[in-house]
Structure formats: structure tokens, C-alpha cells
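Note that subunit A is present in both complexes that follow, paired respectively with subunit B and with subunit C.
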Partner chain A sequence: MRIAVCLSRLPDPKTVEVDPITGEIDASRTLYVLNPADAAALEIALELRAPGDRVTALTVGSEAADSVLRDALAVGADDVLRVWEEDRATTRPLVTSLLLATALRTEGLPDLVVCGARTLAGGSGKVPALIAENLGWPAVTDVLELSLHAARVHFQRRLGRGGRSEGEVTLPAVLAVQADAARLRYATLPGIMRAERAAIPVRHLPDLGLSPLDLNFPSPTFRTPMPPYARPREVFIPDSHLPPHERAAQITSAGIAKRSGKVVEGAPEELADAIVAFLAEQGFLDRSA
Partner chain B sequence: MSAVLAVVAETDHGELTTPTLECVAEARDIALERGDRIHALLPGSGVAPLAEELAAHGADRVTVIDHEALAQFSADGWLAALEPVLKEARPALIIGPDSEYGRTWLARLSGRWRMPLVTSCSRVRVVEDGYPEAYRFTHDRRVHERLVWARGTMAGFMLAPGVRGIGPPRPPEHTEIEIVTPKLDPTSFRDRIFRTLPPDPSTVDLTDAERIVGAGLGVGGPEGMSQLQQLADLLGATLGGTRVAADRGWLAQNRFIGTTGKIVSPKLYLAFGISGAGQHVAGIGNSEIIIAVNTDRTSPLLKMADLGVIGDLHEIVPLLVRKLEEAMNERAAPDQASTPSPTIEPVSSAMVPDGAERP
Partner chain C sequence: MTTSKTSEHFDVIVVGAGPAGSAAALVTARAGLKVLLIERGEYPGAKNVSGAVLYGSAILHQLIPNWWEQAPVERHVTRRELALLSPTTSVSLDFQSVAPSYVDPPFNGFTVLRPKFDRWFAAQAEAAGAFVLNATVVDDVLREKGQIVGVRTRREAGDIRGDVVIACDGVNSWLARKVGLQRQLRTHELALGVKEVIGLDESVIRERFHLDGSAGVAREYIGAVTGSVHGGAFLYTNRNSLSLGVISQLSSLVEQKQRAYELLEAFKAHPSVAPLVRGGTLREYSAHLIPEAGYSMIPKLFTHGMMVAGDAAGLCLSTGIYIEGINYAIQSGRAAGDAAIAACERREFSRDTLSKYLDLLRKRHVAGDFHAYRHAPAFVNSERLQNLYPELAARGSEALFRVDGNRKRKLLPLGWRTMREVGGRPHQVLKDIYHAGRAYLW
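== the complex of A and B ==
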């Protein structure tokens, strides 16, 4: 089996200094690191590798991005590849994913692509799904755990509010894993030495059969940094003419409460009963069996 | 001619998610200004009754895309079901919640259509006569950026949950509701979800918790805490509290709520022995229902609670635990009346084996 891992180099959040007036980031202070979720993806790829399998690490970026590929070689990746178009300052997700997908196709398609879900920094988390779409493959994002079962991967995926879901996807596929899905192993000293000396192969647009025109996606005409601000939230106010149970229903259906403010007093027994009754009325004792 | 704003609805256990209603509200703000029409798409299985709620919040048209194969999420399934409907709707904008599922299927659609898709949006607008504009968060919400596209660009926007809140329902005069049953072949879905697991209350982050039992200084110490833990287990709630309780060592430091702690938004917040200092209350304002128990009738939290209970928590909590057990057993199957009803099933790390039953 062939496994590809897509790695990216990101500003370390601890070094991102935001100007409170303009909202701009002071680039001179920013240090770059391997995206933690990508490190988890690399570890998972290495764990899945059976004898005879190959793990290839790819990145899109300038020469500075070689560092993440050397990191990958040091922990045991079999091959690495950097993709880049000179004169390009940064790439947007549509471009990054097109470059990665095309590189995968020209180098021989793997059976599985593992990426990091959502990057720490400005990340949109779209790249994995875009690579998949480009290759005509399925994608699963926000993966916490996965296991291989012949031509399928079983996964557990994180959902909002701490929920999870379990499912499966048929290979070939792109999976995006969360940063806490795995912890990258330490590099060995011989591994580091080898990685330092390794030549990093690079592919440019012509090598991939692409022209700069292929990278012309609709892009914003303006992109302005802003100071961070908290948007005022709209508050739900139930109609005071309604009877209490309808007000309560309105509140629970619409999400944001204006407090109805009932106060009870009495013997502990009565008070406990009042709480149970209130919880029952609000539907907190219903169990979806 | 007025434009169409498409809103893609998400459901969770048979209910519309709050972020979905936020998206409808956001679209509604744009529509009011420009005379656009909101077309909500509601994919799922047996979700038709929810169309009314989308209408109540401002959808001019709701297309329910109903199919058994859409009972659980599949990006392949969502694309097969939604792409044709979206194509026909010819929306100016597509707005949906920024969710795990959206980042799969909608991101794939954006690649397919070469359409800009903006995640983590804090605001979406259309400026002048047709320039889509979005504000989005980056770098852990520390940076904000404003993006504007050429006039008439069709773009997708995923609104960050909780950024705008929901106002009172504002139904349009008339909503057209249609139910379509797409032709779908679930065996062609390459990705599938078997089941959705609720969060494990004992490990879930407070900011994600649906139910929180809060402990304040009035709880008095570890014995009080273990009683509250029992109560939390019964309700499937997570334990949190005030900074003072955490400083006393009764709670872990990542479990206190307030301006210097976590900002929470549970459906239920049950506060015991908490006075309601400003620094604490600032962290619980997004709670849907607040119940507060306090001996002091002047405590600010009693006043802001949905149910304020004046009494001694040391007397009330043990009674409450017993009565809740009884109430829940009554609701459970009668022959299981002697065993306490199970609390929310914790997330298991086991994978579903090949050929496992799909609920």
C-alpha cells in the first residue's frame, strides 16, 4: 500500500503578534513550525505502514518548507516531495489542493492520503476535501481514530460540542486527522543525520503539466486585516403575553434565553420536587432511548 | 429581480441545530436590505416537520430533501442530494453552519464548482449592488479579516457557530414548502456514518458541555463535591464551578467558569452555592436554562435564574439525587425499576466491526 501525507509549515501561534489597532500580524516575529495536526497525520501514516508499504510526505511551499520534509524523513518517511511555483508568496486552499492532487497523480496515486485537519493558524480546513474532490475520491475530516480493514477505513470523527460519530470510508480516500489523534514519534539520531543530507526533490508547474492559468481561481478583490472584534449577539425575548409554558417552549426552541425568573422557597423536600418538576417540564429528564 | 440566498440546514437528533437558525437569521438580514429571497435546503430522513421552524425564522422557501439514505451523514450522499437542488436554485450565496460535515461536503462542492468558500465567518453581507463580503476569524479568533469579491460572484460562506445569536422568529408572509425525494443509491456512497455518539460528560470540555452542574464556595468541600458529581452523573452533566471552588482545589483549574476561565453555553446550568459575581456570570450568559440554589435570597444569581431555589444545598442535593433516580426509573422500562437508569452512554473507543448493525 502507498500512503501519502500532506504536511504544512505554519506560524507558531505563540509567535503571532497581532497589532491591536490594525489587526495586522507582525511577520518579523513569526516563527514557523510543522502544523500539529499534520504531525499527527504523519504518525498515523507511519503506524499504518506494513512491511513493503511506502509513506511519502508532500508539501507545497518554497525552499523554507524543506524543513518539514526533513522532519518527516528523520522519523522514517520513505520519500518526500516539495511542490512549488516560483514567485508565489502564499497559496490559497484551491491552489494548494490542486498542486497536491496533481503531484499525487503524476507521481503515481497512493491508496490513502492522510492530512491534518484544520491548521492552527488561519486554517480553513478545506484542503483535504478539495484534494479529494480533485482526485474524485471521498474525504473524511476531523478524524480522531482510524483503522484499516482491507479496502476500507473505519474512523471515529469529532463533532462539535464534544460529540463523535463512527463510520467507514472506502479506499482510495483522503482522511484529515485532528491534532490529538496521535503523537509524532521522536526522530532517531541516524534518522536526523540522514534527513539533513537528503536531497529534497522539487516539482514545478511544468513538471506537473500545469500552467499558471490553471491556478486562476476566483479570489477576493479586497482582503483587509481588521482588529479583532466581538459581534454583538442578538438576544431572544419571548412574548410576555404568552402563558409560561409557551414562553419556555419559545426559549428552548430559539436558543437564547431571557430569564423567566421564578423563585421558590420552602421545605427541602418541596424544593427538590420543584427542581425535578422544572427539569421534567424543560425536557431534561427525557432520554432518547 | 431579487436574488436567492441558499441556506443549508443541519439537524442533530431530529432538531435543527442552533447554528442553522443563526444562518437563516444572517441571510434574513441580507434579504431584508436587498429584497432577496431565502431558500432553505433541509436534507435528512423524516425531517419535514422542521421546515415550519425554518419558515418561522425567515425562509421564503424550504426544500425538504427527504430520503432514508440521508438518515446519517455521508458527504457523497449530501453531494448527490444537494448539488442538483442547489444548481437549480441558482443562489447568489450559499450560507451554512461552519461544521465538521460542512467542511467535507460543501468544501468538495466548492472545488467542483470552483467557487470561493469562506470558513469561520463572523459576518456575511452583500455590499453595494452585489459584492459579496465576509468577515472571518483566523489565528484562533485573534485576527479578523474582511474579504470582498467581484460583483455577482457566487460564494459559499460558513458561519462560525454562536457569532450572532438568534432573535425572535420573523416569519415572512408566505413560505413555500416542498418535499422532494431524490433518487439516491446508498451503496454508491463511499463514506458513511454508522452512528453518532453523545459526548462523554466526564471528559468533555466545559465549552462544549450541554449540561453543567456548577459548584461554588457554598458547596463547602470534597463531600459536597462528590454529591454534586452524583447529581451530574444522573443528569449526564459535566461538573464546573467558580474560580473560588477551583482555587480551593475542589475542581480542576480548567473547570472554572467566568471571565478568567471558560465561557460556556450549555442548555442547562445548575448552580449550587454560587453567589453570581460579575466575573462568574460573564461566563454563563449563553446558558439556555439556569437553575440556582442558594441560602441567600439576595444572591444575584438567584435573581437571574430561570428557577431560583432559596434553600440549603446540603439538604437539597441528596434529596434531589434520590428523587431524580426515582423519576428516571419511572420513565425507564417498568421491569428495570430497581436499577438506576443509565446515564448518557460514554463514547467508546472501539470501532464498529465489519458488517455491524447500523441503527
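== the complex of A and C ==
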């Protein structure tokens, strides 16, 4: 089996010092580390590895990002790969995931992709889901525990308010694990030495068959859909055809009628259409957009 | 995964990436040797604490020309102040100079923030070719037939072999004691420094301390600031922060049942200090042991295959006038590195070959400085100098400058009266004058 782990390098929040007067970050103090959730993902991948399996660590970033790949090599990853488009400072989740998915495809698709659920930097948690979308694989987010049974992964997910859910997914799949799912092992000394001297293979856009245009996604635009005043509320008027005592009852109960939500059921496409229609109706969406 | 013993072999293994370790790694790596620099912290400087003023900029200038242009330095020190404090009064000696040796390159000293500076210095060693291994603890040395042939780190398959081990692992040097070069340190030889870095706006610092541009001030305090505990305090200006702290002798902290952080709070609240730190925000809080006893606690500096440098060798000169450590750390690290280079050239790592280290320390005035001031640490930490004389100076000055319509006494009777008031005895004073002379004058 081949397992791919996606890693990211980010500034250690403990070392980010903002000058209270200028608002600038004191860069000379900042340390860069492996994202904690990615470290957990790496550990899980190493634990899943059976004899004969290979664990490949990938990252998107400039040469500085080699450090997280060296960390991965030091603890025992078999292969590493860095993907980068020169002249770029950062990548948005959409671009990161496209680069990772394309790299996975060109290097030979693995059986399982393990990612950290979210970074400490952006923290959107979009990348794993977008990789899965790119590959057309199922994605499981916020994974706390997992075990492998033949070609199926049994997992436990973290839900809100301390809830858990369990389930199974058939490989290939993308799993996004939470930072506290596992603790990365200590590197051995020979491991560190080997990692420090290893050459880190890099793939640029042409190697992946991509052009810079492929990475030009329209940037998101934000608009304020509604002026911030309260919407007019309909005044309750009793039905004039009813007898007086019923009208009186209606008036006295006015305003305490249960609020009702609308539950829509159906195929995912229909549900999505229903949500879009609702948002447009309420003025949150510009239909022309 | 490989579980066999590592086959790595280095020419020089330096333990500890402080100023001593980085200097040793730098010179040996420049000589083309295969060098390993092992650091316990997440990065070099993560666990390193001192005041910190780096005096002797010229020493580092010899290793890295114009180092201050690339290193993260804060301010160059043009002003020094030594203050005697009583609870209400401060009497100080203020030295300020715009002489070329203080304000022109290579300057005299710089205030630095150690986490930044040490990281930069280790990066210089790394750039020269040394292999820096972070987050790794060294537990022991490897011995073969009385020769030290490497170190054992606290990692899986963690033995590393090397021809020369240079231990720069700080005041509580584990390695120097394991090998039997250093004895168990005594509490009166050690001081506990507790330090805060307080952030202040750059313009506020310039105004409060009357500083121009990147000039800085280093102040040292002695007397009531540490109560009846033996010790002192310091306050240094950084670019946009102050480093201040209290240093207290470990044995007297224990005797007086005092807490070091309370002394620091008292220091910050002292009327002569409070206006200087007002409005600041706490940026860092740290504490460290300081080897204060000087000459008497310097261990055997080398044995077969190993040398000790920096604080591990007790090379911190604390005489009241001088409070220096980083410069001696760099000097000793460099000397140990040079001795290691000579030993590697001859492929001969016995004690006799490494004795070149001591010769170099003598030649570069490290050994001489410590020998010359060998009586000073004990004198500075003596009961009367710590408590009686600051009080005497404060009360005497109070009486001297007070105008209240009473008869003005001349200085000698005034001094005599004040001394009787604070409980000083003439024969003790004579004795102390002799001791002071022995410590500082001849």
C-alpha cells in the first residue's frame, strides 16, 4: 500500500511577536515548524505502514519548506516531494490542493492520503476536502482515530459539543486528522543525519503538466447583501370570516405561534439548488452573480 | 528504519550552542573539519539566558569582521552606571563617553537579546559547515581506554563518535562532572539570576535614558535592592525594550529564606527604578544560574579527547566592576576550537596535545584576567560590602546634601558619625580596605 501525507510549514504561534506600536511582526524571532495536525497525520501514516508499504510526504512551498520534509524523513518517511511554483509567495487552499492532487496523480496515485485537518495559520481546513474533490475520492474530515481493515478504513470523527461519529470508508480516500489524534515520534539520530543530507526532489508546474493559468482562480469577492436594519415584520390580522371568539383567540395568541423552519429532502443537487434559491430569496445572493 | 549504532564520525563534537559552542564550531568548521554542534533547545538560544551585554566586541570582530552589521544587536553601550542603593536613596557612579573606542566600530560592547543573538551566531557556524543538531540532549560521553571518543545523546541509536569533544554545556555542566573535570558546585559559588525583558517604545527609552541613536546604557546596582541577600541587580537598554534582573547568591537566598522573584519585584518598585520601567509591557521572563566564584571554580579544562569552555568552565567574571561572560565564552570556545584544530592536524588527541587550549587561554588573557581578580568575587559577596557600605554611602550622602539649619560637619566627622549609626567598626573598615585593595588594586 502507498500512503501519502500532506505537510505544511508555518510560523510557530508561540514565537510570533507583534510590535504593539507598529503592528509589525518581529521576523527575527519567528520560528517555523511543522503544522501540529500534519505531524499527527504523519504519525498515523507511519503507524499504518506495514512491511512493504511506502509513506510519501508532500508539501507545497518554497525551498524553506524543505525543513518539514526533512522532519518527515528523519522520523522515517520513505519518500518526499516538494511542489512549487516559483515567484509565488503563498498559495490559497484552492491552489495548494490543486498542486497536491496533480502531484499525486503524476507521481502515481497512492491508496490513502492523510492530511492534517487544518493549519494553525489559515485554519480553513479546506485543503483535504479540495484534494478529495480534485481526485474524485471521498474525504473524511476531523478524524480522531482510524484503523485499517483490508481496503476499508474504520474511523471515528469529532463532532461539535464533544460528539463522536463512527464510520467506514473504502480506499482510496482522503483522511483529515486532528492535531490531537497522534503524537509524532522522536527522530532517531541516524534518521536526522540521513534527512539532513538527503536531496529533496522538487516538481514545478511544467513537471506537473500545469500552466500558471491553471492556478488563476477568480478571487473571492465579498459584498454586503443587506443593509443592517431589521426586516419589516408582517402584522398579524385575524381572519374576518371567523366568529368573534375565535378571532379573539387568534389575537391573544398572536406572535407566539411556533417558528417554523423548512426541511427540504432529496438528492444532493436538489438540496444545493434549494439552498441557493433560499439565499437568493432572502437577498443574500445576487442572482446574476 | 536503521537501529544499528550510527556510523557517523566527526572530527569535533561541540555540546551546547551558546557563544562558546558556536565560536568553537565556527573556527573548527572554517578549518575544514567535520563538526557537529549539538543543542538541547529547539533552536540555539532557546534556553540561553544572560543580562545581556556582550562586551569585547573586538573579540568577535576578529572572528566575524563587522559582525554588528549583520547580527541582531540592540544598542552599543556608551554609558555605564554603578549604583549603591538603600531603600530610599541611590548613590551612583555614572560613566559616559563619546570617545572613539566607545562610539566607533568595533565599539566596546552591545546589548543583545540572547535568543536572537545565539541563533544568529550558531547560524554563522552552520554556514561555515558545522552540522547543527537541535532538540537533542547529551547524556554522557563515550570512553575507550581512558580516551573520550564521542557522546551519547538521548535519542534512539544516539551514540556519536568524534575525535574531540568540546563541552560548552553551561554552568551546570553535566559532561564536565561526568568526566571528573568539575566537582559538585557549592551554593555560594552560584548565583540565581532572574530577568525580565520589558517592552517600551524606542523614543521613550531614548528620552528616559538620555540616549542618542543606537547608544545604550548598562546599569548595575548593589545594596538594599536584594535586601539582606547577597547579590545585585542590572538594567540594560535594548532597542525597544529593557533587560533588567536581580542576581542573588544561591547560598544566601537559602539562608535568608527569600524568593528571587520577590527580590525582582522589589527592585522594580525601588524609587530609582520604578520611573524607568513605568508603562512597559512584560515581554520575556527567564532565570538562570551564574557561576560567580571566578578563579576558584574553574575546573580542569581538558582531558584526553575533551575540553570545557564557556560557563561550563566557570568563565564568568563577576567582580562588581566587571560582569562579563559572553566575551570569555567566545574567547574560550575559540581557543578550544584552535586547540582541536591543532590536535586534528597531528591526529593525536591526548591530554598533552589539548593542553594547547590552556596555553591559548593564557595568551589571550582569559586565564590572566581570572587570576588577577581571583579575590574579587568573595569580596563582592561579603556581608559588609553587600549591606553595610551601600547603607553607609546612602546615609552619608543624605546627611551631606541635607540643609536644615544645623551645623555643617566636615566630611571626616560626618563619615565617622554615619558609620557609627549604621553599626560599622573601624577595624573592620580597615580590614575591608585591605581586602578591596587585594581584590582590585594590586
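Structure notes:
Here is the rule we use: the second predicted complex is superposed on the first by the 205 of 289 C-alpha atoms of A that agree within 3 Å, B and C clash if a C-alpha of one lies under 4 Å from a C-alpha of the other, contacts with A are read in each partner's own complex, and residues count from 1 in each chain.
One rule holds in what follows: contacts are C-beta pairs under 8 Å (C-beta built on N, C-alpha and C of every residue); 3 or more make two chains touch, one makes a residue touch a chain.
Source: prediction; values computed, not measured.
When the shared chain is aligned, subunit C comes close enough to touch A:A187, but subunit B does not.
Touch criterion not met for A:P244: it reaches neither subunit B nor subunit C. Which of subunit B and subunit C touches more residues of subunit A: that partner is B. Once chain A of one complex is fitted onto chain A of the other, the partner contacts of A:G209 are absent, as it touches neither subunit B nor subunit C. Once chain A of one complex is fitted onto chain A of the other, the partner contacts of A:P201 are absent, as it touches neither subunit B nor subunit C.
Looking at the complex, you find that subunit C touches subunit A at residues 1-4, 6-8, 42-43, 72, 115-116, 131, 133, 136, 153, 155-160, 199, 201, 240, 281, 283. The touching residues of subunit A, counted against subunit B in their complex, run 11, 13, 16, 18, 23, 25, 94, 97, 118, 120-126, 129-130, 132-134, 137-142, 145, 147, 149, 152, 154, 156-170, 173, 217-229, 231, 233-239, 251-257, 259-266, 268-269, 271-276, 278-280, 282, 284-288.
Interface residues of subunit B, counted against subunit A in their complex, comprise 13, 18, 21, 25, 53, 72-76, 99-100, 103-105, 107-112, 114-120, 122-123, 131, 135, 137-150, 153, 161-169, 190-200, 204-205, 208-211, 235, 267-268, 286-291, 293, 297, 302-312, 315-316, 319-320, 323-324, 327-328, 331-332, 341, 347, 349, 351-352, 354.
Those residues of subunit A that touch subunit C in the shared complex are 17, 19-21, 28-29, 31, 76, 186-194, 196.
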